[in-house]
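Structures for review follow.
In the two complexes below, subunit A is the common chain; its partner is subunit B in one and subunit C in the other.
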Partner chain A sequence: MTHNIQILILGVTLGGVYALMASGLTLIFGVMGIVNLAHAAFMMIAAFIAYFAFQLFHLDPILSIVITMPVMFVVGIVVYRLLFARSVADTHKRGVLVLLTFALALTVEGTLGFLFSNIYRSTNPSYASKAILFGPYYLPEGQFYATLMSIALLVGLWAFLQYTRTGYAIRATMHNRTAAEVVGVNVDRISMFVFGIGMALAGASGSMLTFLFSFYPSKHWEFVAILLSLVVLGGMGSLLGALIGALLLSVIAAFVSAEFGPTWSPVTFYLALFVILLVRPQGLLGKRPEL
Partner chain B sequence: MATSDTTVRATAPPAAGKRTLMTVLVVAALAFPLLQVVFGGLNYWLHMLLFVFMNIAIASSWNIIGGYAGYISLGHNVFFAIGGYAGAILFAYFGVSPFIAFPLCGLIAMAFGFLIGLITLRARGPTFIISTIALVLLTKILLDNWDYVGGTNGISLPLLELPVDLVKLPFYYLMLLLAVGAVYLSFRIRRSKFGLGLRAISQDETKAEVAGVPTRLYKTLAFALSGLFIGMAGALWGYYLTYLSPAIFLTILVGAKFVLMTILGGRGTVSGPVIGATLFIVANEFFVTQFGATALNIVATGLLLVLVLVFFPEGIVGTLKKSGHLPRMLDWD
Partner chain C sequence: MPLLQINDVVAGYGIGPDIITGLSLAVEADRSYCIIGPNGAGKSTLLKTVCGLVQARSGSVVFDGKPLSGLRTDEILRRGICYVPQDRSLFPDMTVRENLRMGGYILRDRHAVEKRIDEVMEMFPILKERRAQLAKTMSGGQQQMLLLGRALVLKPRIIMLDEPSLGLAPMVSHQIFESMNVLKKAGITIIVVEQNARIGLNFADWGCVLDLGKMVFEGPSQTVLDDPRIEELYLGRRRRRTGAGG
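Our next item is the complex of A and B:
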């Protein structure tokens, strides 16, 4: 029992970080209707920024989000302007746009691989190797702080969507793009802004993955597949769904990992994806019938 | 059925130039190895050509689901791996040469395709694309941990014992056979009621369903059929390399190249994948000899795909056809 509760704690604390990683992905899908397969590749860019900030200037990886978030926001705006602005409104081109994000992911992966080579890296701030003990249980400090920061960012995102005019416009666009446009929402600007926010969230995730996982450029496929499975489980475009999916799958993966070894942890996510497609293709909270 | 057939034929009258071109190409391809037998020293060119043939077969097959039906699969190298490993197991453990077993390997890949398709094609659009990426990663982990086929270390096959000048010839002719077979299959599908249904699905699946197209069945069949020749190619390619490992067959880059070749040529057309595969393999070979098969190769593949998607989303054949500049003999639809 103690053993199981311990695994549950580890699963939940990692789930918070997965939820942050997936939030940008699901937000962009909700507003623009495209799955950004390059999401984790952009996380890798941020991870390298955080890594070098730590190595060269001893900047704490969690604090490095003050650099990675704005940088990735700007990158997101530029990428949106260059590649997506023209065709995002055309629903027939969405298949092509997904492919475009795929091509973008390859380009980013190859560039990072060329610049920094595919060796395993991670940052080691003092808390990464410590644990908080309470009773018979322990909580790895790194995971704990990362999850706290993730929750703080997610709450901030939720409050922004809930209580600001822009957030209101974003929710309207997610709900019905055409209707939002009719009532005067500048959906193009909203899309651009949301793409920037999504990338900024990817930036924050990238900063924190540096001390939670060892990373290398081509690892982003593993990340993106994990994120996509939990987003599909939660229902594409639903933020709450992404959170539930992240916690659920992360806990299951922690148990699988404890039982069969860490190799099989990602398999949990991939298999879950196929099970969801069999049982409930639209996901837990998804409502769009065309999915 | 009859009506749709006649209308399709009426818009595309049989062109003599097309048939001549095909005959010339196939006869030249059949005759080329004679130069090797007489003069020798052409092994590099035989290698390049058989690699082109294999990729023509692969791109034409991918086109069935990714082009005609509009379901973009980023994980078709899974079929390549299934065919390859089926051939390797049959050869290493049961002594059946891939030269005999390759059709069976194709059928095995197709059967897997049918089962996988039954699950993943329940989803439309983006969710399907996601499932194909997950499929590659999942298959890689499974093969990495399957000791029967050597896990991450891979599995070695015995060398084909022929004089060095002749050793590539059986592979050359079989890959040529696959290329011709896959293009013929693609052509027949394009002209059939099945192909018409697939194109209806790619236009608007809901309307297609309302109009009476059995969409689930057609999609799943198209997915399975697209695995047939890729599986056969995998079996022959594994034997050709005499070594199979998950890292060779199951990286995202391998599947990405299948997609890029087809889109470069023009997806949804019969001649597009042929032209795309040929051009891409030549360009890729040039790139690899200049810069090596490093991370730069991934950058180049990604950038080329970005450029094609932004500027020529319909590919070479599609773009030319739209503007009316496509030479008659290259229009095989």
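Our next item is the complex of A and C:
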């Protein structure tokens, strides 16, 4: 029992960070209808920023979100303007836009690989190797703080969507793009803004993954596969779904890792993806595709 | 001077062919209009062009003496033209009240919007009754009523409705048109596209018949209803074998 609770703790504390990673992906999908395969590649850009901020200026990786989030927000706006703005309104082109995000992921990976080479890196703030002990259990401090920060950001995002005028407009665009346009939402500007927010969330995730995982430019493929399975489980476009999916799969992966060894842990996500697509393709909280 | 003047407009989607091929219409403020015509005649495209969802390729749309060309939907909405699409375009996971609130999205003054929502609810008691309900849980007729209410929040000069009776039972359709009469009495100019030509023309003062992107015929509703060509083509009566045929 003790053993199981310990695994649960480890799973949940990593799940919060996965939820943050997935939130940007699902938000962008919800508003624009595009699966952004470059999401994790953008996390890598932020990871490198956080890494060098730590190495050169000893900036704490969690605090580095004050740099990575605004930087990635601006990157998101620019990328949206240059690549997506003209095509996103055209539903026929959305399928092709997924290929564009794939190309974007490859480009980012290649550029990062060229600049920084594909060696393993990570930051090691003091808390990264410590643990909080309570009774028979331990809580890795790094995971704990990262999850706390992730949850804080997710609550902030939720409140923003729920209570602000722009939040209303974003949710309206998610529900029904035409209806939003008809009541006077500038859906192009909303899409651009959401792409920026999604990238800023990728930025925060990138900052925090630097001390949770060792990373290198092509690591993003691993993440994007995991994120897709979480988001599909929760229901594409649903924030709450992404949170539930992240916690659920992270806990399951922790148990699989404990039972069968860490090499099997990533397989959990891919298997889950298969099962979800077969059994409930719209995910836990997703909407059934309408006619 | 007409409230809305559509001058020789040509419009279509993306790189596709012209759907509207040179159409003119003068909309007077104190009339209501019903647009009928076969599928593909360009009825919906006409409304979308006026409200800025589709950009005219040539020609002009002038509202209240000012051209609307190049304006976005939200800018046209601000001028006072509101469009209600045919696909029950509500926000399904928002409540009735939140949907109405979205109707006033372009207004910055929240208190004014809330006050206006209360007024709209007085006009449509069913919306007041269901204010806390999610839009997706309402019946088709109630959803259409909510769309009307949402359009009303802004007090527009013109409301354009695209097939409000689509998919509704005949009795419910009649209720919707009765509600539209309320709007008419409130001094709003209504332009409605309607498959059910009879109910649409009975409601409106003026009928417009479109085919292949052009205005074929327009006139007072009763005249349009009585015109033999219209009867044959659009009202589904048995065709007589005289004349030039279809």
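Throughout what follows, the second predicted complex is superposed on the first by the 288 of 291 C-alpha atoms of A that agree within 3 Å, B and C clash if a C-alpha of one lies under 4 Å from a C-alpha of the other, contacts with A are read in each partner's own complex, and residues count from 1 in each chain.
Note that in this section contacts are C-beta pairs under 8 Å (C-beta built on N, C-alpha and C of every residue); 3 or more make two chains touch, one makes a residue touch a chain.
What you see is a predicted model; the values in this text were computed from it and never measured.
J.: If you stack the two complexes on chain A, which partner ends up touching A:E222: first (subunit B), second (subunit C), both, or neither?
T.: After superposing on A, A:E222 lies in contact with subunit B but is clear of subunit C.
J.: Now for A:S214: first (subunit B), second (subunit C), both, or neither, which partner does it touch?
T.: In the superposed model, A:S214 contacts neither subunit B nor subunit C.
J.: State whether A:G184 touches subunit B only (first), subunit C only (second), both chains, or neither.
T.: In the superposed model, A:G184 contacts subunit C only, not subunit B.
J.: Going by the contact rule set out at the top, does A:N124 touch subunit B (first), subunit C (second), both, or neither?
T.: So A:N124 meets neither subunit B nor subunit C here.
J.: Tell me which of subunit B and subunit C touches more residues of subunit A.
T.: B
J.: By the touch definition at the top of the document, which applies to A:N4: first (subunit B), second (subunit C), both, or neither?
T.: A:N4 sits against neither subunit B nor subunit C.
J.: Report for A:E109: first if it touches subunit B alone, second if subunit C alone, otherwise both or neither.
T.: A:E109 contacts subunit B only, not subunit C.
J.: One more residue to check, A:L100. First (subunit B), second (subunit C), both or neither?
T.: first
J.: Once the structures are superposed on A, label A:T164 by its partner contacts, choosing first (subunit B), second (subunit C), both or neither.
T.: neither
J.: Under the stated touch criterion, which partner chain does A:H175 make contact with: subunit B (first), subunit C (second), both, or neither?
T.: second
J.: Okay, in this complex, where on subunit A does subunit C touch?
T.: Those residues of subunit A that touch subunit C are 90, 165, 168-169, 171-172, 175-176, 178-186.
J.: Along subunit B, where are the residues that touch subunit A in the complex?
T.: 70, 72, 74, 119-120, 122-127, 129-131, 133-135, 137-138, 141-142, 144-145, 206, 251-253, 256, 259, 263, 294-303, 305-306, 309-310, 313
J.: Can you check the complex and tell me which residues of subunit A touch subunit B?
T.: 29, 34-35, 37, 83, 93-96, 98-100, 102-114, 117-118, 217-218, 221-222, 224-225, 228-229, 232, 236, 263-264, 266-267, 269-271, 273-274, 277-278, 281, 290-291
J.: Give the list of subunit C residues in touch with subunit A in this complex.
T.: 14, 51, 53, 72-74, 77-78, 82-85, 87, 89-94, 98, 101-103, 105-106, 150
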